[in-house]
Amino acid sequence: MLMKPLRGVIPPAITPMLDNDTLDLAGLENLLERMIKGGVSGVFILGTSGEAQNLSYAVRKELIRNTCRIVNERIQVLVGITDTSFSESLSLATVAADHGADALVAAPPYYYAPGQAELVQYYTHLSRNLPLPLFLYNMPTHVKVVIEPQTVRTLSENPQIVGLKDSSANGVYFQKVIHLLRDHPDFSLLVGPEEMLAQSVLMGAHGGVNGGANLCPELYVALYYAAKSRNFEMISALQSQVMDISLALYDIGKYASSYIKGIKTALNLLGICSDYMAEPFHKFETAEREIVRQQLIDLGLK
Amino acid sequence: MLMKPLRGVIPPAITPMLDNDTLDLAGLENLLERMIKGGVSGVFILGTSGEAQNLSYAVRKELIRNTCRIVNERIQVLVGITDTSFSESLSLATVAADHGADALVAAPPYYYAPGQAELVQYYTHLSRNLPLPLFLYNMPTHVKVVIEPQTVRTLSENPQIVGLKDSSANGVYFQKVIHLLRDHPDFSLLVGPEEMLAQSVLMGAHGGVNGGANLCPELYVALYYAAKSRNFEMISALQSQVMDISLALYDIGKYASSYIKGIKTALNLLGICSDYMAEPFHKFETAEREIVRQQLIDLGLK
Amino acid sequence: MLMKPLRGVIPPAITPMLDNDTLDLAGLENLLERMIKGGVSGVFILGTSGEAQNLSYAVRKELIRNTCRIVNERIQVLVGITDTSFSESLSLATVAADHGADALVAAPPYYYAPGQAELVQYYTHLSRNLPLPLFLYNMPTHVKVVIEPQTVRTLSENPQIVGLKDSSANGVYFQKVIHLLRDHPDFSLLVGPEEMLAQSVLMGAHGGVNGGANLCPELYVALYYAAKSRNFEMISALQSQVMDISLALYDIGKYASSYIKGIKTALNLLGICSDYMAEPFHKFETAEREIVRQQLIDLGLK
Amino acid sequence: MLMKPLRGVIPPAITPMLDNDTLDLAGLENLLERMIKGGVSGVFILGTSGEAQNLSYAVRKELIRNTCRIVNERIQVLVGITDTSFSESLSLATVAADHGADALVAAPPYYYAPGQAELVQYYTHLSRNLPLPLFLYNMPTHVKVVIEPQTVRTLSENPQIVGLKDSSANGVYFQKVIHLLRDHPDFSLLVGPEEMLAQSVLMGAHGGVNGGANLCPELYVALYYAAKSRNFEMISALQSQVMDISLALYDIGKYASSYIKGIKTALNLLGICSDYMAEPFHKFETAEREIVRQQLIDLGLK
């Protein structure tokens, strides 16, 4: 049962895998138990951090089933159904509902770039066919289009559409959305980039969907509460740790996928799960792995 | 059995549909018979013009089966397996091979942008697992990355990779590829934009994968032969018709999908097939349909 | 004499003009007096809001002279010297120093896109030749390149480079800069977009260079102090006004210049200065002007 | 006196310099004499290859005077007046007319991105104030906007606007322009990228403004004539040389300016002129210079 609004930290879980077609189920359990122990409010699977688009549908569905089973209603489960194919989104949604997930998340279809009017129609048609409430997912670097603030506002009038995850890193965009939704306190506003968690919560966001919370869930949860309670001494100390992690781990190597690789390698070095990456990506080689190991030591995480 | 190199016009077929989950099989037959009668060398299904990404896998597979059945080896059948998921690409490839298609076509994975080294690995891994030869598909506006000329050159040494479809519209790019592949006469070089068919064939390309050939296959086939035989009087007359069609039909409405909508509406007005568009797109409303009708009359096509 | 760090609101002044080669000097005086009365810490002329690139050098120099004369050391004067030509930047800087300006501001050269190593060399060479301290100006939408956080950090070790104005709207970028400069408390960190003023000051920024402060200087100054004193009730009320102005005035018409036109038209309707726009832009026609008039009434500004 | 249409090869001259404020006049003379001897129809100074935006106005004006003096009406002289400031464009145009240049060339203003309606107004106002005929200059990578084909068509009705230089590398764009201007045979259509010279002339372009013609003017002139006379054996041989130069010299180093640096270094190694680059760029260091030297030997140019 979805909380409205959804508050706190909801990590966008990476997907532990043994090979391209096999989940690392022990790793998944470690990962989720660690998040729950760290105080997260929920978990978001099959997002960008979860390499969702690079997984087969069989793996995606197995991930939904196993996540729901392990979580067992202790925290909220949000399931990404972002897809270029309307039918495949519906199929994933059905599996999510059947296994007890709480909500769905969908970025715009991402091969052909739709316009704003097409986005309104798309989300309206989609939500009408979904068995669970839907979060919009703004992710312009990957899908090429922005869900404009006025489009979010328009779609928020649809009772099936219950929130927004904004991963644009655009502070003007997010302030516009907060302002346009100010009379709609149940509509969840969640920020993607963890570097913006504190400031976003200070300005009215409900929480964050922050990749680093795969690694140190308690840090981001603490930062969320520091911001919520406007404890600036605490914010300052925790934000500094968040920035150290961001600068140390997310830009190793020159690839678009270096952020996910950094987190997966770190989790592997901490003994939590496999660092296998789905095609077309590949886990870090020895040299980059050593950099991650050293950074973890310097960060006091290992 | 794939021709090497593949020469002539290979239309990127639109996908006739009755609704989001049902092919318009009668329309598909009309479309393919018209192409074959028009002299095309092959047909490319499940490309960008085919709305492949917006179709369910069930529909994609049904389209492969029916296209192979209708074509019945009269022309070459190329099947798009472009996907973000490696496993789903393989699954489409298997269906294509099982039903007698001649080759596969894959653009880079398109949610996460890979680098050139990752593209080399990806296509190498992919082709090793494919039951049919593979064409590279350069489509940067939709997939966000270019398959650089040197990457094409490197991949051309793989015997499973047999050609390139370039839809970038970048004339410098295509000349670089032609030059780098000049000692590899069996590697098929096909140009996407029909406006560039004549000049590309004059400069050494083997043919075109031109959307307009859904509508007037014989026009593009004639232009191909005019360019191949360096008949400039003919080129001039036919190129003018090609440009008239391009300017008249492909930019109606302001959407990224207006080119596909223009062709589908025209085909529907000519009685060939349904103009249904897969979600998140929608067929033209009355006003835009009337523009297409008038343009067809002005073009002498109706 | 430049304050270090520079705190508070420093409006990026629009340039009041009578025609393409003539300043509206009475308008300029009205504008500056209003800002000073509104409590701003300084004024930034010849920035993006000032249409600097579209002005002749004669007009730019006249604007520097007259601004310094009118301000008469009551507030800080920052002068934009952003130029593709190194020599012309130096020439503007000399005029600024001769008339008593306090600092200079330069975005990267913007026709040819330089790399980060070239930016380090460029700013190092430039600052060495300047008679006044220099602010970096991050403005990727207009100049096509980002001054990366590590580049800002590197350049901050140069004593002639004293701060950054960030107009990227990228919240992750700005948090990275704040973090990398945390041991350099004199390096001024100023945020461009007014929608991000409050959150940026809460997180450690020194102030804002906010276009709306042309129109309502006291509002942005009040928001700055509310954020500085962590008065959340005040922040909430003022931020709401800031967002109302942003949504009401900055997107009228569909042009890239609509933000500047909106502010100039509003200032003209309030009797402050001319709304002439330098070529290639043109002031709003009657219909758009009427929208601005109505918005000003609705905002309680007229 | 401008030829209409202007046919043949018109090199976009690099600007030989001794330092940031001093032309290399001996080098300029060598460069121009070599071009004239090589059979070019004209020379285009102060374009992108000429680093125009990075030069002071004093240097730009000195370059105009000296080029006109050296050329002494033996070939056509086209002068770039591309500028963000309308007044400075006019000022450059006056100098060009006073010293006997034949035509002017202007890309869109490039700091603030104008829309198509603004481009029509801008070029209309500009040409009305110019003492010489004007070429449009389509250069979207540097100026961020395309002069759309319909905008070119609209502006071609203005008798002061006499042609287009297209440096977009977009083959669809150029074919659209050729088609839309087919009833306007005096409007000069010139292609920028030398890799596209042959195909563009085959399809109806009047000539090329090709950077490589700084280095080997006779090669590009020969390719132009081969294309004009449809001598495909010759085209094939010459195009191969053009592509070898393009692949060997234009991508050394990773900077946006590597193309200009490659040409300037090659010219310096051939003893023609200085390789100084205006700020913010810098000439190649020893390692890259050695690569150019080796490439020149491999190309048979040294």
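Miscellaneous remarks
Note that the chains are named A, B, C and D in the order they appear, and that numbering of residues resets to 1 at the start of each chain.
Throughout what follows, a residue touches a chain if its C-beta (ideal position, glycine included) is under 8 Å from a C-beta of that chain, and two chains touch if they have at least 3 such contacts.
Everything numeric here is computed off the predicted structure, so don't read it as measured data.
Note: the chain lying farthest from chain A is D, by mean C-alpha position. Distance between chain centres (mean CA atoms), chain A to chain D: 49 Å. Chain centres here are Cα means. That of chain A falls 35 Å from that of chain B. Multi-chain contact residues of chain D (touching two or more other chains) are absent.
With chains as nodes and touching pairs as edges, the resulting graph is a single ring in which every chain has exactly two contacts. Two chains count as a pair here when they touch; such pairs are A-B, A-C, B-D, C-D. If you check the complex, the residues on chain A that touch chain B are 20-21, 48, 51, 53-59, 84-88, 91, 108-115, 118-119, 121-122, 125-126, 142-144, 254-257, 278-282. Residues of chain C touching chain A in their complex: 169-176, 179-180, 182, 193, 195-196, 198-200, 202-203, 230, 232, 239-240, 243-244, 246-247.
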